[in-house]
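Look at the two complexes coming up: subunit A is in both, with subunit B in one and subunit C in the other.
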Partner chain A sequence: MNVSTIHDIGYRHYEGKRLGRAYVTRSIFVHNLRAAYGLGRPARAKVMPFVLAGIMLLPAVGDIAVVAIAKRPEALFPYTRYQFMLQLIISIFVATQAPVLASREIRFHTVPLYFSRPVVHLDLVLAKLAAFTTALFALTAIPITVLYVGGLVTQVPDSGTQLLHYLGGLLACLLLSLVLGAIGLLVAAFTPRRGFGVAAVIAVLLVSSVLVSVVQEITQHAGHWTLSGWLGLLTPYSLVDAVAYRLLGGKLPDIAVPGVGGGFAALGVCAVIVAGAVVVLYSRFRKAGLS
Partner chain B sequence: MNSTIAMITFRSMLGRRRALLLFVLPGVLLILSLVLRLTDTNDLDVDTSVLQKFALGAVLPLLALIAGTGVIGPEIDDGQIMYILTKPIPRQVVVLTKLVVAIVLVTLFAAVPTLLAGLILGAPAGLTPAFAVGVLVGGVAYASVFVALGVMSRNAVTIGLLYALVWEGLFGNFAPGAKKASILQWALSVTDSLTDASTVHSAVGLTTALVLLVIVTLGATALATVRLRSLTVASAE
Partner chain C sequence: MPPIIATRGLSMRFPRVTALDDLTLAAPPGVVGLVGANGAGKSTLIKILLGLLPPSSGGAEVLGLDIARQGDEIRRLVGFMPEYECLPPDVSATEFVVHMARMCGLPPTAARERAADTLRHVGLYEERYRPIGGYSTGMRQRVKLAQALVHDPRLVFLDEPTNGLDPAGRDEMLGLIRRIGHEFGISVLVTSHLLGELERICDHVVVIDGGRLLRSQAVEAYTEASGVLVVEVDEGRDDLGRWLHERGAAVHPEGRQLMIDIGDETVYDLVRDGSAELGLRLVRMEQRRHHIEELFATAPHSAPVAVEPGAFGGPGASGEELRGGAR
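Take a look at the complex of A and B:
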């Protein structure tokens, strides 16, 4: 006997194709990527990401102008060092936009709505991380692309080396975006209150970098150069810088981990950060998905 | 001052996990000082570097930003401020109460830890009280500016970060003009005048710094009051 007949009041059933898990995951990715730049949201939400992206471009454009007008090709910024030079701006971008992606659904208790669809917890976390990584990659890769194109146009010598360094710079941008995206989303997911997420993310990024630079200065003062290099692994920017210098042929930073082994160690730390963040975010969204 | 508003604000700032963020920053400072003291690697340069770059340059602006925008921003965002504004309490009392709470928080979580860090380090040449006073004075000015920002803009935290990090930190390094218009430098000037250590330099004279600090503090508080008089509460995003 069919129990459901009493509720079947004659509406037509949907018998078409159902868009499955992959489609939902892709939609979450696109939605979060747009949200990271405030697209599809009021103008108020667009101001900050685009202002910051504009500030990121300024030094590159200015540098190209210097190279072109003063005819000084050696003044071109090294590609892998660009993100290190502008780390404050990138940090602020991460801090303002990470809560947009990771805090809002938790704050308004709307995470369970996602899981009423054919999407599993890991899909949501990975889609969010991929979206934020893409947004950060756009923020960091566009300026160095401008640098590279500007270098081509002004005919900076050694175009082959330039291309190699440019590709290395792109890889470094990707790595930095992954690491920063993981850290940002992780911190933001645990501070759902508005304003606090921003402050928490910037506190983690800024305090780690100031702390490490102060301690590095002190260890160098005491003559422990190797230790000082290893300490750089404790903050995202010099961590990625170490990988860029040791493995991707980037420009020498002020201080770096010793040897190619140090570079692989730095890469390992990056992998641990990203994997750890995914695991913790997974359990966080799983918990927020109940209710 | 209105004790009920103050109590509610304290509870919202220190409730549950939020206080953790306020404890972590000074905690890192104290641990760093302790490690330096225990390994006996500190001298005048190191002490100045820790107190100036870390306590005054990083912990103070961040804490003042969290406290200053945190006491009023979230309430305006979610509309709860209406429950206060619809009571017969003058707006300047509301602003002053919020400001006092922010200043108390900055004192507790930035100025006192700076004093403790200095004592742990055993900093010579009167560096400890000088930096504690500098952090306190800077904290009052920062808190009033950030409370005003919190009333005026929904992007208060980001604008505050851009000011504290980009304007004071980045531009201050290579544009001397930007360095003069910075609360951090004014606070440093107060510190400079209180210590005879040769490692502390400020870009601004003491008189100018004091005058500017007072003007900025009073101006920001007045601005916050005026803006709170005609506050429009937008819907949540």
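Take a look at the complex of A and C:
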């Protein structure tokens, strides 16, 4: 044996396992989920998501403190309404983080590297949407979980109803995350410059919210309550609120679509948004893969 | 040995341009150079071979796999280094290459080990933990190369790997490519618009222009001995030239040297006798070799090669540009 050759072992071929499509898709999911919170990236990429996640928690913590100290269980926030109250924070999170997942790899021409490997186009899009949905779900579900646990600890009455409402709240969080994730990725994928992407997502989410609530006020003054309820389907937060109220036993929002049918209509709109976004994102990434 | 790449009548027509025109070629294992001016169809050919772009007509096989039906299999076995920038600036080389290894199905531990090994092989050490945004062009090219190699492919497509590199960086990159082909045992298809650099590292060179095949042959065939004798004498070049001309040799001056057509063996004797008679000091007498770049030479006095005139008449495809990398 020649000892001096031990240092440079030269090139070694890889003889080990090569895993399949499920593993690759899971890896894309994990990579994008980490990216959504700036993990694996410089510290400044972590600031925004974690600050926003912290802000999301503050009202819940404060509310629990009020319930505990003032002994007023009725002061506990309704679970399904929490995301509606904090929609500004959620919108900012969507706006700043959607470009990280959707437009970063298009802008830097990284997409072709995926498709020159055994990565399936649709898998990439679905994994990205799933990752962003999960990131948003964590952002919205953790505060209401804090509310629920806080309610248990401070012995808010009717723990059975509370549990049902909490589960309904979780479903509402999931639905909102899915809808916002789809809209956010869609808008960001067509605005390759990050700054524009942030602005475009903010515009779509906030402007639609403000516009719709203004028009809703006007129609309510004119006495068109039903029309006002239907208008709520035009902005993601009221849309999900309608589903939560009509189908998930959530708390009554200011105004909502009439009846269970309206709830299903709202759910249908959610499905169309998500499916449409997947189709468009699919063709967008397919095209980016050839550049 | 079966070819690594074989195309049959491959054509690719876009609405306004024809990128590939009835291209039929076969490339053997080893380091294969693909030469052509910008816009000659090199990148399009690679996209088609990766199964990303269906050709307008014709077919091709990569590693014996059909591009139309077995694209997925092909993409498992090959690596691809694009010509353009393709690296996100805000992650480290390690993070990025590990991710790309996982995209090829390597399990987490193997992906980390292979990424570390590969980055070492391409010459990235401590800096691989820093974000890519701060890298020099040379380092970026190394990361791009590493991501193409990390899953231990059987064949890599390297699209213009020396683009943007300074002479030293280019030499290192070329050395690396030669090692990939000869030491790592991975076949390489490397494109360039610079012939000189491919001549140094390739076993086989394919020349395309305007989407058509100009030549495909082993590199030695391009550089084989020509029928011209190069003679250099210390002084009195013209005296010797005249002396040879009077005795029926076809001779013309080029620089400090004389170019003499080798009709038969007696030419050597003639040069010897002439030098002796005129009392000249003979510095050099050798049979001239072709350079690949002569393929693109348009001047009439250069050595004859079998290229139809005007083959490089297309826009942007000047012989000057192609010869630019020759040393």
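Some observations on this one:
Here is the rule we use: the second predicted complex is superposed on the first by the 275 of 291 C-alpha atoms of A that agree within 3 Å, B and C clash if a C-alpha of one lies under 4 Å from a C-alpha of the other, contacts with A are read in each partner's own complex, and residues count from 1 in each chain.
Following the convention adopted for this analysis, contacts are C-beta pairs under 8 Å (C-beta built on N, C-alpha and C of every residue); 3 or more make two chains touch, one makes a residue touch a chain.
Bear in mind that the values here come from a model prediction, so they are computed numbers and not experimental data.
In the overlay built on the shared chain, the residue A:V210 is in contact with subunit B alone; subunit C does not reach it. Of the two partner chains placed by superposition, only subunit C is touched by A:R18; subunit B is not.
Shared-chain residue A:A45: touches subunit B and subunit C both. When the two complexes are overlaid on their common chain A, residue A:T96 makes contact with subunit B while staying clear of subunit C. Contact with subunit B, but none with subunit C, is seen for A:A222 once the two complexes are overlaid on the shared chain. In the overlay built on the shared chain, the residue A:L290 is in contact with subunit C alone; subunit B does not reach it.
In the superposed model, A:H109 makes contact with subunit C only, not with subunit B.
Judged by the touch definition given at the top, the superposed model places A:I202 against subunit B, while subunit C stays out of reach.
Under the contact criterion defined above, the residues of subunit A that touch both subunit B in one complex and subunit C in the other are 41-42, 45. Of all residues in subunit B, only 17-18, 21, 24-25, 28, 32, 36, 41, 45-46, 49-50, 53-54, 57-59, 62, 65-66, 69-70, 73-74, 77-78, 154-158, 161-162, 165-166, 169-170, 237 touch subunit A in the complex they form. Residues 47, 50, 52-53, 72, 75-76, 78, 80, 82, 84-91, 95, 99-100, 102-107, 110, 114, 117, 121, 131, 147, 151-152, 183-185 of subunit C are the ones that touch subunit A when the two sit in their complex. Residues 10-14, 16-20, 23-24, 27-28, 31, 40-42, 45, 104-105, 108-110, 112-119, 289-291 of subunit A are the ones touching subunit C in the complex. Interface residues of subunit A, counted against subunit B in their complex, comprise 41-42, 44-45, 47-48, 55, 88-89, 91-92, 95-96, 190-191, 193-196, 198-200, 202-203, 206-207, 210-211, 213-215, 217-218, 221-222.
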